[in-house]
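First the structure, which I've put down as structure tokens, then a few questions once you've had a look.
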Amino acid sequence: MSSLARTPILRQRRLANGLFQSICAVSAVVAMTILGYILWFLLRQGLEYFKPTLFIRLPDNVNPALGGIKHSIIGSAGILFIALGISLPVGILSGIYQAEARGKLSQSVRFLTDVLNGIPSIVIGLFVYAIWILPYALKHPGQGYSGLAGGAALGIMMIPLVMRTTDEMLQLVPQSLWDASLALGTPRWRTMLLIILPAARNGIVTGVMLALARVAGETAPLLFTVLGNEFEGPFTGPIDALPLRLYKYATSADPVQNSIAWSTALTLILMILTLSVIARLITRSGKK
Amino acid sequence: MNLPGGTIHGAGDRYNWRDSAYVSAITIASMVLMALVLAIGSALLWQSLPAIRTLGLGFITSHEWDDAAGKYGSAAFLSGTLYSSLLAILVSVPISICSAIFLAEIAPKWIRLPVTFIIELLAAIPSVVYGLWGIFVLIPLLRDKVMTPALASPSITKIPIVKSLFTGAGYGPSMLAAGLLLAIMITPFITAICRDILNAIPSMQRDAAAGMGCTQSETILKVVLPSAAPGLIGAVMLGFGRAFGETMAVTMVIGNMTPNTPDGKSLGLFDPGYTIASAMANKFTEATPGIATAALIELGLVLFVTSMLINFAARSLVKVAMRRLG
Amino acid sequence: MHSATCISVNNVSFWYGSNQALFDINMDIPKNAVTAFIGPSGCGKSTFLRCLNRMNDRIDGTKVTGSIEFESQNIRDKSVSVEALRRTIGMVFQKPVPFPMSIYDNIAFGPRTHGIARGRALDTLVEKCLVDAALWDEVKDKLKSSAMALSGGQQQRLCIARTLSVSPEVILMDEPCSALDPNSTHRIEELITRLKDEYTVVIVTHNLQQAKRISDNTGFFLRGELVEYADSTSVFGTPARKETDDYINGRFG
């Protein structure tokens, strides 16, 4: 005869259950609270200098409070543009390769892509320095840094992300679409270019924008490649970028520059947020 | 509308060269990708050869890094990287795994989406922004609320293990700050992966346990977690790998100095230190061409190899775990 | 049976990896007629259909032996261009698959690929295909609108019009009506009956009434073998083999 009553042991187990559930809930809350606090602090501190002068003026060495970070914003935008130029062709084409080919070679490529993805960003910056800038700097000491090199470093970081997103989005296109096109006698390149890629276009664009958002905040690779600048400059020479400016002002001894650092951080976060939001909107619009 | 007779020949030439060009283009792109990884390793190796030849194994074993004296030993950086990453894992793992369990198993459905969204957002905050917060919020907080009281307290100096950990210079930038900041940074990352792994476990297993009268916690602890264990370990290792290669946030809060002890080594959490990445970032501007630069690049090579190994081990674990779950 | 043979199949066997799916198929498919393939699911009729335009080539690990000749040309010959083959032997699938573009662009896609027509000539071609597919009246005012907005039956007629646009000789159809309502099915059956004047039609169907209604010749497939192949009147009226009789009378599915 089994009893369904609540014995002391059962009560104990239920207590333990509640305890465990609470621990897990509290962990989640703690994690979110800390991170929420960081964001709130950022907003509070950053609003002080978050005004139009920040965006349209260059740094003012005489009166730092009047200066801005216009060149950093332009620099970041330009570097991201260059990064796109490098990562899009290589990333999308190799993503197409993955979707089309099945075999040992494509497996090796996928493996190496994962490896590339896991390399710390500072190492990638160092790589670009070692092969592009160092040889030049040996003959012309202190020179060789450029926005192009920075864009190259960020582009290299984006390639695995773009490749993976292209591959995944192409695989999502239903097989029947491939069949219908090929049954008309359409050659493979035309099927891919005119039917399959357009079908996957939204997903790929989203993935690319998310990749951009990911590398927009990277500082370490820029340390060795674009060096930083107080002024605007051509992209063939050293330029400034938002994360670099942030680093410089955050570690500076001048309290005004420290304050501007918060606003720079806010600007950077907003830029990343915008990219992410646009990416999500594109996904949403495609689904309609 | 028919063409006279049917033809299945001809028109072949029209497509052939375009199709070949297409295949070539996508294959070449993949080759470029492969070549990149090999190029990175080779370039780093090549440019660090002068240092490797001159310094040999001492690069890894020696604790001294003195530019002026021409001595380059990265052992201090290596141990600093290990120490800070381990610290980060210690703090982050309990919170990450419990949060992941909460999200995957316990939380009501309507909470899951917004929280997941927030976690994704937080994982997107750049390292340098964390560093900024670390300098102006975390460090003063630690200094005033943890370090100064601990250093002044007579009782702490009595507890054996604690006393060698909770000691050091204590003026702010420290291993403790770096470890904690890293922990905060890798938590969203580890939580997201663990949550995916937990979600991949078939619900039949949970149903079976519940059908035997297990509470939810018992189901999780006795059935779900053991299944998920290899994957969770892989996730933790991935987080470790992340912390290992993290540069900016660490550079901004770790002090970039060797501790003021006789041999330059210290277990003290309140002492400043270095990691490989922070040393690279920090010493770059002072590096003169020649041995100094080559040594710096050799540092990069060490970081490259170690993080590759960690990541590879971690991904294999995660892959094996996912495959076992089917 | 009509005397002119369009496709001649000799001793064709087919493997998916190590599984043999077709055993020694022999048949002559006549021109300007409707030939139906019937049989229970898994009997190989669709697999065989896909051999005729080499769509099975797309799957790894398949093997074909024997010869398939279109108007005395071996379709597996090295000199044959698969694109040209598939243009000449077109295919309509079970599920309607419109391309995600406008109705006009759907029909124009094939002609543009093969360089058949441009400009005004293309417009005329598109119209003719849509007329022949009995879709023109319903879409003539909205050619630029998306094809995805059409109903299932309309989409399938669109796919048929698209197949017609490259001037094939043969149209292969793999259960074209099974995803459609009875009304659309009826319209497409009427369409097929008209198409055979200009084209050769081969249709796979599991609907025996449909096969009886529209086909001139019928082939009955069972477990990868071609059990019986004759004019439809004979196959449905006086089947020569017991298995055919059993299947037609519903003694097994």
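Letters A, B and C name the chains as they come in the text, with residue numbers starting at 1 for each one.
As a working rule, contacts are C-beta pairs under 8 Å (C-beta built on N, C-alpha and C of every residue); 3 or more make two chains touch, one makes a residue touch a chain.
Predicted model, so just to flag it, every value in this text is computed and none were measured.
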By mean C-alpha position, what chain is farthest away from subunit C? B
I'd like the most central chain, judged by C-alpha centroids against the all-protein C-alpha centroid. A
Roughly how many whole angstrom separate the Cα centroids of subunit B and subunit C? 57
Averaging only over C-alpha atoms, locate the centres of subunit A and subunit C and give their separation in whole Å. 49
So, in whole Å, the Cα centroid of subunit A is separated from that of subunit B by 16
List, in ascending order, every residue of subunit B touching at least 2 other chains. 15
Mind pulling the subunit A residues that touch 2 or more other chains? 187, 190
What are the residue numbers in subunit C that touch two or more other chains? 83-85, 87-88, 114
In the complex of these two chains, what residues of subunit A are touching subunit B? 13-14, 16-17, 19-21, 23-28, 30-32, 34-36, 38-39, 41-42, 45, 89-94, 96-98, 100, 105-106, 108-109, 112-116, 118-124, 126-127, 130-131, 134, 137-138, 141, 156, 159-160, 163, 187-190, 192, 213-214, 216-220, 223-224, 243, 246-247, 250-251, 258, 261-262, 265, 268-269, 272-273, 276
Given the complex, residues on subunit C that touch subunit A span 53, 55, 58, 60, 82-88, 90-91, 93, 95, 97, 99-101, 109-110, 113-114, 159, 162-163, 166
Would you tell me which residues of subunit B are touching subunit A in their complex? 15, 18-19, 21-22, 25-30, 32-34, 36-37, 39-40, 43-44, 46-47, 94-96, 98-99, 101-103, 105-107, 115, 118-119, 121-122, 124-133, 135-137, 184, 187-188, 191, 215-218, 220-221, 241, 244-248, 252, 277, 280-281, 284, 289, 293, 296-297, 300, 303-304, 307-308, 311-312, 315
Quick one: in the complex, what on subunit A touches subunit C? 102, 176-187, 190, 194-195, 198-199
